[in-house]
Amino acid sequence: VKLWGGRFEESVTDAVEKFTESISFDKALYKHDIMGSRAHASMLAHQGLISASDRDKILKGLDEIEAKIEVGNFVWRTDREDVHMNIEAELIDMIGEPAKKLHTARSRNDQVLTDFRLWCRDAIDQIVASIKHLQVAMLSLAKKNEGLIIPGYTHLQRAQPVLLPHLLLAYVEQLERDAGRLMDCRARLNFSPLGACALAGTGLPIDRFMTSDALGFTAPLRNSIDAVSDRDFVLEFLSANSITAIHLSRLGEEWVLWASEEFGFLTPSDSVSTGSSIMPQKKNPDPMELVRGKSARVVGDLVALLVLCKGLPHAYNRDLQEDKEPVFDSVRTIIGMLEVSAEFAQNVTFNRERIEKALPAGYLDATTLADYLVKKGIPFRTSHDLVGKSVALCVSKKCQLQDLSLDDLRSISPAFDEDVYEYLGVENAVKKFGSYGSTGSECVANQLDYWLAKLGIYKN
Amino acid sequence: VKLWGGRFEESVTDAVEKFTESISFDKALYKHDIMGSRAHASMLAHQGLISASDRDKILKGLDEIEAKIEVGNFVWRTDREDVHMNIEAELIDMIGEPAKKLHTARSRNDQVLTDFRLWCRDAIDQIVASIKHLQVAMLSLAKKNEGLIIPGYTHLQRAQPVLLPHLLLAYVEQLERDAGRLMDCRARLNFSPLGACALAGTGLPIDRFMTSDALGFTAPLRNSIDAVSDRDFVLEFLSANSITAIHLSRLGEEWVLWASEEFGFLTPSDSVSTGSSIMPQKKNPDPMELVRGKSARVVGDLVALLVLCKGLPHAYNRDLQEDKEPVFDSVRTIIGMLEVSAEFAQNVTFNRERIEKALPAGYLDATTLADYLVKKGIPFRTSHDLVGKSVALCVSKKCQLQDLSLDDLRSISPAFDEDVYEYLGVENAVKKFGSYGSTGSECVANQLDYWLAKLGIYKN
Amino acid sequence: VKLWGGRFEESVTDAVEKFTESISFDKALYKHDIMGSRAHASMLAHQGLISASDRDKILKGLDEIEAKIEVGNFVWRTDREDVHMNIEAELIDMIGEPAKKLHTARSRNDQVLTDFRLWCRDAIDQIVASIKHLQVAMLSLAKKNEGLIIPGYTHLQRAQPVLLPHLLLAYVEQLERDAGRLMDCRARLNFSPLGACALAGTGLPIDRFMTSDALGFTAPLRNSIDAVSDRDFVLEFLSANSITAIHLSRLGEEWVLWASEEFGFLTPSDSVSTGSSIMPQKKNPDPMELVRGKSARVVGDLVALLVLCKGLPHAYNRDLQEDKEPVFDSVRTIIGMLEVSAEFAQNVTFNRERIEKALPAGYLDATTLADYLVKKGIPFRTSHDLVGKSVALCVSKKCQLQDLSLDDLRSISPAFDEDVYEYLGVENAVKKFGSYGSTGSECVANQLDYWLAKLGIYKN
Amino acid sequence: VKLWGGRFEESVTDAVEKFTESISFDKALYKHDIMGSRAHASMLAHQGLISASDRDKILKGLDEIEAKIEVGNFVWRTDREDVHMNIEAELIDMIGEPAKKLHTARSRNDQVLTDFRLWCRDAIDQIVASIKHLQVAMLSLAKKNEGLIIPGYTHLQRAQPVLLPHLLLAYVEQLERDAGRLMDCRARLNFSPLGACALAGTGLPIDRFMTSDALGFTAPLRNSIDAVSDRDFVLEFLSANSITAIHLSRLGEEWVLWASEEFGFLTPSDSVSTGSSIMPQKKNPDPMELVRGKSARVVGDLVALLVLCKGLPHAYNRDLQEDKEPVFDSVRTIIGMLEVSAEFAQNVTFNRERIEKALPAGYLDATTLADYLVKKGIPFRTSHDLVGKSVALCVSKKCQLQDLSLDDLRSISPAFDEDVYEYLGVENAVKKFGSYGSTGSECVANQLDYWLAKLGIYKN
């Protein structure tokens, strides 16, 4: 029989038991559940609600249960519904009466949220570490490829030349904001629901500040109904993961593009590629395709949670049991995406030669040329128009801007002078950039230095 | 080493292997993978691409593998990536050379889609059976409660009286359309991708019509690139599931409301209720809360799949490996929701007495009264206004419409006559309904008969 | 005052009026609302519920209102809430008493669903026409480029050579299923809710079959509560649109890739390209980027509708007023996406020369070579391995498979013979394909013929 | 011709122009666009890139344009694509050559993001103000109803008695976290993209810190590619809105329930209710239904944006033009939801008498009774069981716990004593609560004081 079975005459049907159980997934919370029970038992004893001896038996019993779980000797029982009831019932089996006092001034409603918030706090710390790991990998790749010019794209059309490290550092920036979002979420969720009980608190003389402190929470949540009702902390958490996932999907897309025969910018090592069951020549950048693809489930997890919470009245509704799997899945997935991206970054080689050979195409220096005219005093809109005409001339002559003769250029505008050639060609174009945050060599070097310092990496 | 490893010098890292494996979930396809391989091997032999003796060895080997899997003796290996490679490699281990011929004129790209379409076809059949199961349960409940009048709501405000069977049959209608959507999806997906190979087909003389027939497909897909690229069949499948899930979420909401102290329409039996770990008096309609809640993951699965497919170029991209888990989860969840709803329906009792006692409140006969005035020749808008005034009078007198005296009514309009009392009161109101599809007793009886016949249930 | 104002003493606040009004968007339903009112008025007269003379005044009034709306002379009033009340109140203003009878045996609940189903039916017809339009454009493009070989990709890595028309026809197949989904949806939604009234039907002697026929519906909906409660018809509609949108996002992605400098497969004409405000050389394939991007809002519209309906009890809830804008937006967007894709298809040129020059790279003939070995009696797995080794040799020699000498090949396997060169090179590879649905020239020609006939286009 | 038209020979087709225009919605950015241009022009002059006289003409022209827009005299032209080009082209029309210099060292890519970030910053401030507005309304309602006990629910089953202000304050807590999330988002987005130009920065000697300061940004974004590529700031913004929307959907659900005949807790005034076109007696709490329903579109907007960004390579892609409408819609909707909720809160009356009459049902004091036994030294699990049995006894006797005789109670456990009656009945139960955050009167009074102080409201 269930621990809540006092007024029940029949037990639930098998189908209902199977449909409503959560032990198959919420056992992942066992560590935090035991952590919470330890704090709760110590507080109950401190407040005189249980004896010191009962407390000690409970703590010892919990230790044994934890050990058993960790070596895989604990039998999880579906008829005991969830992680809380499994552990409590086992404790009763082991130590008898004292265990029956553990649930004093506690409900599964506040208990599960205590566990879940502790679990999320740990998960955030892990994700933030994985983010840093990927930042470091990107930074190393940037260092390794200092000075390498690649085409920058808008609309996937060649736009302007950029330094590869400049682009890699854009990801480092985005990842930093991703970590910031998680840390804000962590600060907001790190409050203790323990002692909110079912929803109304309790008349027993508990000390919620004591358990809050013991568990490393900032403070107890101020309102017990709020404490057991809301799931905004996981909505915020999965939102943050979704944004990170979208960032990584863009990295995935970009690197899959770059690994194609047509772009040919990078070659992944065999250790991060896979082959085809039918086409013997294939070498596919699968990990980054999956990084892109797995962003979808992180978004799906968020949507599931939003739909779940929509329109629920206060306080606990059984629907909310469904809050855990999306979170577990989101966390597992995002860590995998971050770690594999880092591994991939450590295993790619940029094809310097091939990139250089392909660089002249696409008039990447056209904007630099327009700036040249601006410096000569021509209004930008007019310069833009004149360079547009120069490009049209190149298209008809099938040549690059730097191949136009001064006469050609002067036929378009008398403002062109011999010094124009210092602005043409990709290398010249890059040299000219100088604004804060731009792709100019010094600007990018400054950014690299900033991040090396910030992430605690010393230059070799 | 991998079966595709010819040109590879290094094996993939552990992290990549773990991130990219699919065997942990796609082994669910084993039955359909073996089914597909049987059809393929037979066709290869028929076309002279392998010998009859090789075919027989392959077929025997597949039988043994299937038996092994079914008794749980098959060792799934992560280093063999997926269900296809696990089975093929095991077959090679078992029977040697002939097994190496099985993948002739086949790629994992067409193989997995063959498996997946077969799996979905079976899943649809199962869901449609569960839908019918729930329809039958609702119908039985309707029969059991013939004649029971409940308040009908709009805006969750009492609107008009309706027969409970009328409302239950509304769900039967919705479920019927749900089944229809699935059958349309089934018809559209039941085409064979086998023989599309990697994406371009093959130069070997295979017969795609033969394998298509053997597997019960309508025909081979006409275009091999389409065959391996598209996932619209699962998008459609999960859309259909999502709509069903939304229907069930509404049922869940309604029954949770009805089980509340305040509505008090129904009482679930103990066998479909659960209690509280802290509040001894609680008896909660958890299964229907979870039905409502689990709709969220079905929607999340659909969204994941939509996000996954967005913006992918042709043909196979590794992202698409992520197509399976959302489908598996959606199918498992929707079947659970349907079955538990049916079980719940079989285990609720409607509280006739209590419902009857509460019925007079809410002026459920106001519209009938307006129709009365219309019959007396008063334009509907005017009638509406006059009845609105009558209700206002009731509110001030704290009585029901039928409690107003004829003088009261005549003070509002001289059109009211003695016969007005045949239109007042909930029972009279229900009696007056007669339009097709309405809540009139005969109309509802006709609907009940229609469904009893259609679902093959005989009247007692 | 509102038409429903009988029992109300205060009018709603401005903020509430503004928040709850729907006239700003549901006026789009005016044509279908008037169509419904015409059918309703005629039926009321036929059933003796209003006089022939009242009906004629109503019909004349509706004609005038429709004309006024169409020339832009109708004043839509927010204080009249919605399209139904605006038209009805205007009719009362115009023709007086008879107009007050129009709402006999009708509620806004069944009225709005009648309008909305009629609107959706028309919208589906329009979308299906746009789908066909795009199919025709793709087919023309396929005809124009018969025989053009391009690399086929999996994992965005070059896989096997395919005929461009083969790939374009894959889209035609997908669009055909898209249209099929819409037609199924159309058949399922084409039932009449009119006469379901608020939720319970009516006691007045209406004829729902008459209005159903007059409006071109298949039949009246069988259950009045179902009729006013469900929104599955729009969920199904927006699901179908979402799948189409995902298909188009993939087309967008592919064409954006192909328009890049690196792929260089196609050049859009100036008439479907745009430039940059800063980079004078840019020519961007914006329409296809937007096609890809706009898929997002179609998915967003679907999700909004799913979230909206989740957990609502029967029957009408005001939430459901929010069902319209997502549908209007989805329809407008998907038609735009289809039409612009067709326009783009009519305005691209494939760069035959450049494609041919780039074709040799990527070992596109490797699978053909494996098939060659299979034909020589070597098991496929072994062939795959041998070709893998041949590719590795090419990589080290920086050459193509056809550049390997027979000695080179024989050093890998003695099975290679002089005839191997008939299988090497992209053109040979394509020639070898022959399976149903494959990229073989004849197979693709058959597909082209099929579609030319099916879409009613004659060959030139 | 377009301002970027230098190299173009044809203008875009009408269909493409219509499909790609953004002026119909991005004109909402005009104020921020002009603000950005003012800062940019001043900086250009300060850096010597344009003359002081040109700057003055530009600033004067911008003033005139702003004035024209505000009085509705500005003609927005679709052929000028977007808000940026409309304003710049108009400026050129007005003041000629100097205007052509405004776009120096600027691209629409950095310009639109400057506008958009400024717009979002203002929008956040507005939403935070609306949140506070609703908090104050809830707080006033709590003050007005101090001491009112209502049933607290879990699983929508009566659980324990709570003070109404306790529950209202739970919403205040949630809203506070909502505001916190927005403020974190505001801090993270308040960085200047201006000067990132197309993606690579510029070679012209601009001062990005100067424009950043002038526009109230914290600093310029450090990496120009990141600056023009990422949309995480709007993803975070819409995530925050979605969480708020979900909170409000729960409020909507709860208040719709409470306004039902069955719950009967509250009555909205006529000024926030609406009626029915057919049922004269109806008075519906429409605003709160719509609050619940409109949460759906806020979620849909977020999903649209997530799908939009998924898988896009760096830097600007035209897809991103689709980022604005979901944000505009989300902001408009969430402000409406907050404001109408506040208005509703100001216009409801709680039905004290009716609530009190209904309170005894549901054994709300059962947990208090279990705590009683705990205080007598009985382990909680045993107490829970004993109270369960007491409830079962009540069910069979059709009475409340307080109606059981001491003999009845002692037949269940000898631990029951005369003092048990101080723990029974709803009022006693509430009195017993004392834990931090609980529903005890003093605890709730403390919370009220906290919020009155925090929100700057003085007690009367």
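A few comments on the model shown:
Per-chain numbering from 1; labels A, B, C and D assigned in written order.
Note that in this section a residue touches a chain if its C-beta (ideal position, glycine included) is under 8 Å from a C-beta of that chain, and two chains touch if they have at least 3 such contacts.
Not measured: the values here are computed from a predicted model.
Think of each touching pair as a link: the shortest run of links from subunit B to subunit C has 1 of them. Of the two interfaces, A-C and A-D, the higher number of touching C-beta pairs belongs to A-D. Subunit A and subunit C have CA centres that are 33 Å apart. For the pair subunit A and subunit D, the distance between mean C-alpha positions equals 23 Å. For subunit C, residues that reach two or more other chains under the stated contact definition are 3-8, 103, 109, 153-156, 159-160, 197-198, 253, 256-257, 275-284, 286, 289, 292, 295-296, 299, 302-303, 306-307, 310-312, 317-318, 367, 384-388, 391.
Residues 2-13, 15-16, 18-20, 84-85, 103, 106-109, 197-198, 253, 256, 269-284, 286-287, 289-290, 292-297, 299-308, 311, 317-322, 325-326, 336, 339-340, 343, 347 of subunit B are the ones touching subunit A in the complex.
On subunit B, the positions that touch subunit C within their shared complex are 3-8, 49, 92, 97-105, 109, 152-156, 159-162, 166-167, 169-170, 173-174, 177-178, 180-181, 184, 188, 195-206, 208-209, 220-230, 232, 235-236, 239-240, 242-243, 246-247, 249-250, 252-254, 257, 292, 295-296, 299, 302-303, 306-307, 309-318, 367-368, 371, 374-375, 379-382, 384-389, 391-392, 395, 432-440, 443, 447, 450.
Chain contact summary for the complex, subunit A toward subunit C: residues 151, 153-160, 256-257, 259-264, 275-286, 289, 303, 306-307, 310-312, 358, 361-363, 366-367, 369-370, 384-388, 390-391.
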